[in-house]
Every structure is written in C-alpha cells, then in structure tokens.
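Some structures are shown below for you to check.
You will see chain A twice below: alongside chain B first, and alongside chain C after that.
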Partner chain A sequence: MADIVVPEGLWDTKKTPEGIVANWFYADGGDVPEGATVAELMVEKSTFDIPAPGAGRLHVIVAKDGVVRPGTVIGRINRV
Partner chain B sequence: MSSNRIMTVSRAISEAIAQEMRSDPNVFVMGEDIGAYGGIFGATSGLLGEFGDARVRDTPISETAFIGAGVGAAMAGMRPIVELMFVDFFGVCMDAIYNLAAKNVYFSGGNCKVPMVIMMATGGGYSDAGQHSQTLHATFAHLPGLKVVAPSNAYDAKGLMTAAIRDDGPVVFMFHKGLQGLAWMASPEGAATELPEESYTLPFGEAKIVRPGKDVTIVAISMMVHHALEAANALARDGIDAEVIDLRTLVPLDRKTVIKSVAKTGSLVVVDEDYKSFGLTAEIITSVVEENPSYFKSAPRRLAVPDVPIPYSRPMEQFVLPDALDIAAAARASLGKAA
Partner chain C sequence: MSDIVGGAASAASERCAAPSAAFFDDFKTAQLGLHRQEQLAEGISCSRPHLLLWRAPPALIVGRSDSRLPHFADAADRLVAEGWPVLIRRSGGSACPISKGTLQIALARTATTEITIDSAYTELTNLIRTVLESYGLKVETCSKSSAFCPGRYDISVNGRKIAGLSQHWRQCNGHITVTTAATMIVDQDPEAIAHIVNLFYRVAGSTERCSASAVGALRQALPVDVTFDAPLMEDACNRIAKAARAEWRNDRRRISAPNPLPHVPCHTTIDPDHGVPVSMARF
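Moving on, here comes the complex of A and B:
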C-alpha cells in the first residue's frame, strides 16, 4: 500500500495556500502502473502531474475538484 | 502498456504530437506560449522538456510571421504543427492559410506539398466574448485545399492528430476549449476517454454513430456532440429513440453516414456551434435533399448561433448557444410532438 501524497514544496504556499485536484487519470478502483501520471493538481492556473508511487489498485480519497495542500493524501495505491 | 488511463483531450493531443516527434525528426511545433506554458489550452504540455526549444518554438505575437514560416517549413520538407491559439485570430494570417498552405500544392502541379497542421482553439460558453468564442467551422471548411478536423473526445483527438501530422496536406485541427479537460474550465463527461498508449490514426471523413436510434437523426460535431447525447437521453425518457452522429471531420465530410441515417429515421436535426447562415447545418441538410428529398417525413431543422457575434454576458451567451434543451425541442418538433 502506498499513499499518494501532495509533495511538500510543490508550490509557494505563502502566495497560494491551496490547490485542487484537477483530474484523475484512472478510475477509482482501476489498476495503475508505478510511475504513471495518476492525477493532476491545479494551483492558480498552473498544473502539476502526480505520479503513482507504486503499482496496484487506485483508491481515490480526494475527488476531482477537491481542495488540497502539500502533505494531503489524495489517494492510495493498494497492491493487488 | 496500460490502456485503462482516462485521459483528457489536451493530453491526448500532446501525446499524439510527442509520439510523432519521437518517430519523425521533421515534426516540430511553433506558436505563442506553446513552450514553457504548454499551450494556453494544454495541447503542447510537456513537449518543451522532452524535445527542447529547437523543436518546440515559442514565437512572438505575430501570426502573420509564424503561420507563414510554417508554410515555408512544410514546403521545405518539415512537418510543422503551428498553433494559432484562438481560431478567432485567423484574420491577420489568413493569406498564409488559404492562399499559400491551401493552394500551393495545386499551383505547383503537385510538386510542393504542404504537410502542415494548423491547430487552434474554438468555442464559447465561458464568457470570453465575440473575439474569443467563435468556432468558425464553415469559414475554414468552405475553402478548398484544407482538411478540417474537430474531435469531440480524447480518443478521437489522438487518432485524428496523428493522422493530421502524417497527412501530406494542410490540416486545420480545431479543438474545443470546453472539451480540453482543463482544470479551470469544466468539460462534459465523455470528453476524457480511455486512451491507448500506442500510436494510432483515425481516418478523415468517417463520421461516428455515437448513439444508434430509429426515430430522428441528430448530427453534430465537437462540443455539440455532447449536448446532442444529453438531448438523446432526455428524448429516450419520452420514448423517442434518437440517432446521434458525430461528424468528427468537416472536410472531408461523411455525407453517406448522414444520408443513410435519415433514410432510416426520416427526421433530421443538425446542430452546430458556428453561425447559422451559410454553414455546416445547411450543408448537411442539402446533402440529404440532393440525394433524395423523399427521405424526409418532416422538415429538417437546424440549430446554430443566430448570426450575431457571441455575447459576453453569460445569460445572453447561453441564450445564443445551442444546448440539450434546444436540441431535444427541435427533435420533438420534427416528430410533430410538443416541445
């Protein structure tokens, strides 16, 4: 099992404290290969790709359009 | 290779470009903010990092210069993909598009091909007013020598972009802003699709029946396909079985699929986000009438922007753009039912 975490330092939180999950690129429950771009975050008008930390089945915790900060666990990859 | 990814249209386009750039060193990209920014609608995201600024070239704000440069590069053997950003900006570079890119292969007796993709964002619905919200489908489809593509979803966008890059003639690739899957602009369910990792092409001039039905034919393209499907679902609740056709390309135009459908249903509604007069809606209806007017059991109907510039005001803009309610009402009317 591996948490999908919004990395610290991804953006300047003094300027913009929060972002959102813009897209999930796999369905909740879908199989994801390690390193695949699994989600996209948006902060202001910039976007950041989030890679899968391991291979397995995706469990979405923060749905599309949900608010995130660095450190937020947005999902989990469960080993199949 | 995973194929259960659900990718946005913007990522489908940039992936198609990246795969062609890997396999053909003559493919390169030019345009405003297509480098570090990745294209203002995301169609070139990630390309600068992989291919560098010699092949992913940010240009100054001079469409006249860089569209013209694209034509020259194409004639010299390259395969440029040039982004015009908004279709609305074609005014300053149209000579390069319709007098040079479109005609040079004819003027040179077939000796100088122009294998160029001109891609551009189309469409409204987000209060960007009259110079940033048009589709201008017919403006480009009217001019001989250009192929014109307008996908409604990620799977089609990737296959059509790959085909556009490999095509030996100029292709106008129109992507709708509201289908791109951008974080700051909502897109309909169904615009993002499962997207194969491997490269593939889709043929131009092949419409897709996205919903088979027997009672009424609804013909659409780009964003309007999604509104047509929503209308078809509403109609189904009333027992009306609508067939929805996604044209996918304006040039070449798949008239046969439309004619065959109307021969079956007898009723036709055509919906387009372009201006109404002298446009796609009239072209589709005429194509069926020319084939056999007796196919129609009722007068064909068309929905499009009523020949006014797209308003900035949200209620006014929503009023002029065709939507699912308009389409469903037109379909019911064509069947002699109350709206």
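Moving on, here comes the complex of A and C:
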C-alpha cells in the first residue's frame, strides 16, 4: 500500500492556504501503473501532476474539487 | 534544441550540454507552439533551466476548468468562426488570448528542493520586470481581477495588465520539473483581447468577463522617446535573453542564451492525437 501525498512545502500556505484536486485521471477502484499521472492539483494558476507511487488499485480519499494542503493524503494505491 | 545529457542534478551534470534558448517565430498554428512549450521540460536532466520564446497565429488558450463550462463546445465553435481556435493547456488559469502581437515566454527547470510554486513564479516575474524596466517603465506585480486570466503574479504597467503567468509541474525522465509560462502583450489591441475573452465566456455560459481598460500592451506603454534598433517584438526577445544571461551568470543553475537569439524555423511535427484544437476534436 502506498499513500498519494501532496508534497510538503510545495507552496507557501501563508500566501495560499489551500489548493484543490483538479482532476483524477483514473477511476476509484481502477488499476494504476506505477509512475502514471494519477491526479492533478491546482493551486491558484499552477497545476501539479501527481504520479502514482506504486502500481495497484486506486482508492480515492479526496474527491475532485476537494480542498488540499501540503501533506494531505489524497489517495492510496493498494497492491493487488 | 541542443542535446541534454541524461542524469541526476550533480556537479557532473553542471557540465552537461548548455540548454537552448530560442525564439520560435514560424509556428503555423498556436497548437504547435503550445505543444512545443508543453514538451519543454522533456529534455531537462540537470539543474539548468530552458527558456523558450515563441509566438503564433491567434488562438484562445484556456484552462481545464474552462473546458467544463456548460456550453464550452459551442463557444469553441464560435471562436473558430472568429479566427481564434480554442486550445486547452496543462497549466492553470483561465482564458488567455495569444496572437502574433503577444510573446509567449516559458521557463522550464528541474524542481530541486528549494524550488516552490512561488519561487518559480518570482523567477520569471523578475525576468519580465527587468525587461519592462529597461524600457523605462514602472512595473507592478499584483492581481488584476478585471483583466483576462487574473493571478497574483500579473504584471502591470500604468494599471494595465501586460503579462500573466501560469505553471505546470510534472515528472519528466525521473525528475520533477516546473514550467512557468507567461503571455506578454507586446503589440496587440487590448480591445480585441477583451472582445475574444468575453465572447468565449458569454457563449460558454460563464459570468467571467475581461475589461479592456484593465489590459495594456508594451507598444502603448512605451515612453515616446524610447528607441530600439529592431522591430519591437525582436527587441523585446533580445532584452529577455540579455536579462536571462545577467540573472543566471553567477548562478550554478545557468541558462545559455545566445546574443541575439536565433530565429529558429519550426520543423516540429506533432502527434495528431495530442493537443488537437477543440474545434477539430470533440472532448
């Protein structure tokens, strides 16, 4: 099992407290290859591709348009 | 583009081939230019940034959220009829018109631990500010909410937005990279910019609007006694190259920018399934 985490320190939360999950590119419960771009975050006008930390089945924790901060676990890859 | 030797950022990689900086002026379509920009990070394997300057025929480049507006397809068709095909970009933000009167500036680098969203924005903002100030202009950096694609790093002169920035972070060749991109209005009528943005949003079903009085152009902002030896667009590109060299001359993360920038004929071909204008493919 591997957590999909918003990188710590990606943005200055004093200036922009939160971002959002702009897109999930795989369905909840779908199989994801390691390294594939599995989600996209948006912080102001910056988009950030989130790669899958391992291969397995995706479990979405924060849905599309959900609010995130650095360190938030947005999903999980469960090995099958 | 010059070849970049693969490998992690390290002392050895500082000796990797110099990244290129060039002005692409011959893109037949904005789609080709946008594709080139979005591939800019592909060749990065060490800590030096790549600088790309380009311009292209008219297009309206929108963000993914714009593509989910209720009547987006209708808006895209309408804009094609007006001569402004709609393209969806990977970086954030909202609708941004580009044309032969705007200069696209993209800076791509590997994101080492000290690189953040704000530091990458500040890097390109400072470069553009330096160029505008070299013309004797007084520059502000703050959000212009009534201009197109507003953002905290909007660059304004005389209260009018002249440049806007957006970013895309992705993993390339085992490295996290960030491409910060700017549209600088050099010689485009602000009224035309506002018209196209407002037409798109009106047809697409959004209340977003752009006020022409919030948008400026470098040509209009220049003091009357400023002179330059080349057409304004070329002069602006050469000043960007000069500012980039000065900015990174004593920095290990250096960019190699020839003086003046070479005009590079565009021989790029693209995968027809990648970045096809919305008017040609239904999403």
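Here, the second predicted complex is superposed on the first by the 80 of 80 C-alpha atoms of A that agree within 3 Å, B and C clash if a C-alpha of one lies under 4 Å from a C-alpha of the other, contacts with A are read in each partner's own complex, and residues count from 1 in each chain.
Following the convention adopted for this analysis, a contact is a pair of C-beta atoms (placed from the backbone, for glycine too) under 8 Å apart; a residue touches a chain by one contact, two chains touch by 3 or more.
Computed from a predicted model, the values in this text were never measured in an experiment.
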When chain B and chain C are modelled together on chain A, clash or fit: clash
Comparing the two partners chain B and chain C, which touches a greater set of residues in chain A: C
First, second, both or neither for A:Ala22, with chain B first and chain C second: both
Touching partner for A:Thr47 - first (chain B), second (chain C), both, neither: both
Partner chain in contact with A:Gly35 - chain B first, chain C second, else both or neither: second
Touched partner set for A:Gly9, first chain B, second chain C, both or neither: second
Partner chain in contact with A:Arg79 - chain B first, chain C second, else both or neither: neither
Of the stretches 2-10, 110-118, 200-208 or 218-226 belonging to chain C, the one that collides with chain B: 200-208
Chain A positions touched by chain B in one structure and by chain C in the second: 22-23, 40, 42, 45, 47
Residues of chain B defined as touching chain A within the complex: 2, 4-8, 11, 42, 45, 181-184, 192
Interfacial residue positions of chain C with respect to chain A in the complex: 63-65, 90-93, 113, 116-118, 121, 149, 151-153, 165-171
Chain A - residues contacting chain C, complex: 9-12, 15-16, 22-23, 35, 37, 40, 42-49, 51
Residue ranges of chain A in contact with chain B within the complex: 20, 22-27, 30-33, 36, 40, 42, 45, 47
